[in-house]
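Shared chain: chain A. Partners: chain B in the first complex, chain C in the second.
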Partner chain A sequence: MKILLIEIYKVFIRRRSYIGFGAILFIVILLLLAVNYEAKTVLDFLTSNLKESFSFQGNLINGNLYAHIVMRSLWVHIPLLVILVTGDLVSGEYQSGTFRMLLIRPVSRFSIISSKFIAGWIYVFLLVLFMAVLSLGLGYIFLGSGDLLVTNNTINIFNSDDVLWRFGLAYSFGLLSMLTVASLSILLSTLFDNSVTAILTSLAVVIVLTFLSTFNIPFINAIKPFLFTTQMSGWDSFFSFDIDYNKIILQSVILIVHILVFYLLSLYIFIRKDILT
Partner chain B sequence: MINTFKKYIVFVLIIFSANVIAQDIDPIIVLDSAQNKLKNVKSYTADAEIDVDVDFLKMKPRQAKISYIYPNKLDIDTKGFAMIPKYGFRPFMKTINSLDNRAVFTGMEEINGHNCYILTLLPREDSKVVMLKLWIRTEDYLIQRSETFTRHSGSFLIDSFYEDKILPSKMIFQFETKGINMPWKLIGNTIEVDKSKLNDEELKSGTVTIKFTNYSIVYD
Partner chain C sequence: MSDTSIIKIRGLCKSFDGIIALNNLDMEVKKGDIYGFLGPNGSGKSTTIKILLTLVKPEIGKIEIFGEDLDTNPKSILKRIGAIVEKPGFYERISAMKNLQMLAKYSGISIDNEELTKIFNTVGLGDRKQSKVGSYSHGMKQRLGFAQAIMHKPELLILDEPFAGLDPKGARDLRNLILKLNKENGTTILLSSHQLDEIETIASRMIIINKGSSVCEGSVKEIVEQNKMSIIVNVDQPKEAYNKLKSSRLPIENIILTNDIIQLNCTHDAIPYVNQYLQLSGFMIFEIRKEKALENYYLTFT
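Now for the complex of A and B:
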């Protein structure tokens, strides 16, 4: 327990850990201005064909729309912010030589790497929670509540009292996705002795896998379901009227399996590693 | 040869009798009778449930409070967002002036078990509506169906259902429209552009069903 508290302390003592929070705060404020000034134009464009026959009652430019736009805009970038911190968790200590000091004490390698993972996951949890509270909080304060408009293949409009649980589940699923990214970067951080290499490799892996998941390339389609980046967009499923829970459970299981595999691989690598730095 | 002649005679008689019926029915009288039915309605309030069924928009039915004061004051108060037909809430016959339209009787038809006169109204002056067809019930002169042809936004058809009031308890609004301007799909973190929709002029059809309850009608 003590080693876990020390690892958490180490994560939050570094300035780098606050870059993610700062970036989210900056983007969220920018998006608030953008939604405030531009959303009406976009909405008018969407509905312009219907305006001769229909009138539209109610305010669709509200805190829920804004919070959903924040989710859509930021999920692409959050992995990068996560990797900045988690990619350095183990390799940073290889580089600075502190592991040699730590390992002469009666601390198991299992507890060290497990504490690193838990500290990384707590950081990710706080980052996602910060984004959720900030976007919904600012949205409700400045734009008020209201029905949520979501554009997928169709326009879906959810009652304002049918929205918060969707955000809750979507953020929970998003958290699982970000924990997977964090676990991958901790694995690579365990593998490489240099933080920059670990961070850049993690970023490259996430970017390449996202590319493969997004584009329709025939010979990749067979492996796409097994890529965690393919499953990461599952959070959006909660913003439809017919939620496919079986699919979401399968996606969650795939992500959890990835997390476990990354953790076990890290443990295996770390236990067998000669720490010479 | 004789058989062909008989058929010809029957055909001529049918055409002739239809003309006689058409000549007997004065569209202005039918229109006035329908207007008289509603002439004393000064205002009404009602609760309404509005259910939109169209493939490009998904939402649950919305509850609304309708308040109408003759001739054109209409308030629709909904909790949250609602897509509301611009036509249909004002009682038609209160807003149509027979002097502004040329009315033509165009036949009879049975709609939902009611015999109806069909009147076609053509505005005398330029307006957004280019033609209005009305199906007026023969037994009580209530509007059973109306079809409006607009200049820019296609046509729409309203079927009305009545219970114990002279205002409808349910209206089904069928429309055709170009749909929403959305040539892209947002799926999760990705955006797919559907090129076929960039120049999509195809009309989409849909319905809006409005159920009225708790009518409170004020008469002159």
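Now for the complex of A and C:
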């Protein structure tokens, strides 16, 4: 427990740990201003394909819509902010030579790497919680509550009292996705002695896998369901009337298996690694 | 010193990407030793130290520390060791005090601020203990490295190049501290250094390794005494003294006179005879000193 507390402390004494919070704060406020002052444009943009068939009435620009816009806008970028911190968790200590001080203490490498994973996960949890509280909080304060309009290929309008639990589950699923990204970057951070290499490789892996998940490439299709990037958009499923829970459970299992594999691989590498830097 | 082995290494081998770093290394550090660990760059000193501290895994070989097998009991062994490995790495954004508090927690030891302050004072950082490590000079970090190594009162200190980056005063202070810990607390010290003078001054036993193997191990005094060393003699009438020594039957060799300074080779035991002979011959002796005996010896092996 002591080691875990120290690892959490070490995460939060670094300036880079606050870049993610700062970036989210900036984007959330920017989006709030945009939604507040450009309400008509936003609504036109969201309903551009539907106006010929539907007419919209009432206050659709509200805190719920705003929070949903924030989620959509930020989920693409959150992995980058997560990697910036978690990609440095282990490699940063190789690079600065602090492992030469820590690993000569009577403490197991298992405890150290496990504490680093948990500290990284706690950071991700706080980042996602910050985004959720900030977007919903600011949305309700400045735009008030109301029905949520969600447009994908279909149009769904959720009653205002049927929305919060959807956000809760969507953020929970999103958190699982971000924990997967964090675990991958900690694995790569364990592998590389240099933080920049670890961070850039993590970003490259996420970008390449996202590309493979998004585009329809016949020979990749067979493995697509097993890529964590394919499952990361599962949070959106909670904003439909017919939620396919079996699919969501399967997606969650795939993400959890990825997290476990990344953790066990990191453990294996770290325990056997020679500290030469 | 006693015959109890604190560190016992047998047949240690390690290679990195096919390059042999350690090749069947044997060495033994006894309780109460200040054990000099010498060797040129790339000879395997740092690798050996890192293996002793579990930073690097050996391929073959057996290591016993405090009579326990390092492979099976690393935790209980590391509890009793303090070390500096290469350049000490600290968390630069927090204070030196906070760094040590954190390392103490990692070590599972409880140490209060008063005790830590004493340690800071001991290493000469008392007035800078609350400063961020990022503001420290290299020498100060080296002192802090020493502080973290001794804060839990270890029975064995492993110091890899502890004098690197220290100014002459810092080096002297550290030397005195090492001697004090050894003398008063009985701390066994394994000391790797390129500064042969320091080893010659403070070490009781030593090993020289080259290309990953031991080339010489034993008592520093014996090694130095068994080997003829260069002696510098400074007297009031150098030319006359030079001629006198040259024609003497003293066990000296290679006597030369350069810039009114006499230089000759002899064993450690012969020095008092040279001194007495010159005094009885009526010369006024300003200085007789040994010149880097260990260095000459070291260079023959590496």
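Here is the rule we use: the second predicted complex is superposed on the first by the 261 of 277 C-alpha atoms of A that agree within 3 Å, B and C clash if a C-alpha of one lies under 4 Å from a C-alpha of the other, contacts with A are read in each partner's own complex, and residues count from 1 in each chain.
In this text, a residue touches a chain if its C-beta (ideal position, glycine included) is under 8 Å from a C-beta of that chain, and two chains touch if they have at least 3 such contacts.
Quantities reported herein were computed from a predicted structural model and do not represent experimental measurements.
Judged by the touch definition given at the top, the superposed model places A:F241 against chain B, while chain C stays out of reach.
Judged by the touch definition given at the top, the superposed model places A:L102 against chain C, while chain B stays out of reach. Of the two partner chains placed around the shared chain by superposition, chain B is the only one that A:D147 touches, whereas chain C remains out of contact. When the two complexes are overlaid, the chain among chain B and chain C that reaches more residues of chain A is B.
By the document's definition of touching, of the two partners only chain B reaches A:W75; chain C does not.
Contacts of A:N156 after superposition: chain B is touched, whereas chain C is not reached. Look at A:L60: by the touch rule set out above, it reaches chain B but stays clear of chain C.
By the touch criterion stated above, A:V35 is placed in contact with neither chain B nor chain C. Using the contact criterion defined above for the overlaid structures, shared-chain residue A:A132 touches neither chain B nor chain C, since it reaches no partner. Put simply, chain B touches chain A in their complex at residues 55-60, 64, 76-78, 80-87, 128, 150, 152-154, 156, 175, 177-182, 185-190.
Across the complex, chain B is touched by residues 45-50, 52-60, 72, 75-76, 146-147, 149, 151-160, 162, 210, 214, 232-236, 241 of chain A.
Of all residues in chain C, those touching chain A in their complex are 16, 50, 53-57, 74-76, 78-79, 81, 83, 85-94, 102-103, 105-108, 148.
Chain A meets chain C in the complex at residues 2-3, 6, 9-10, 13-15, 96-108, 272, 274-276.
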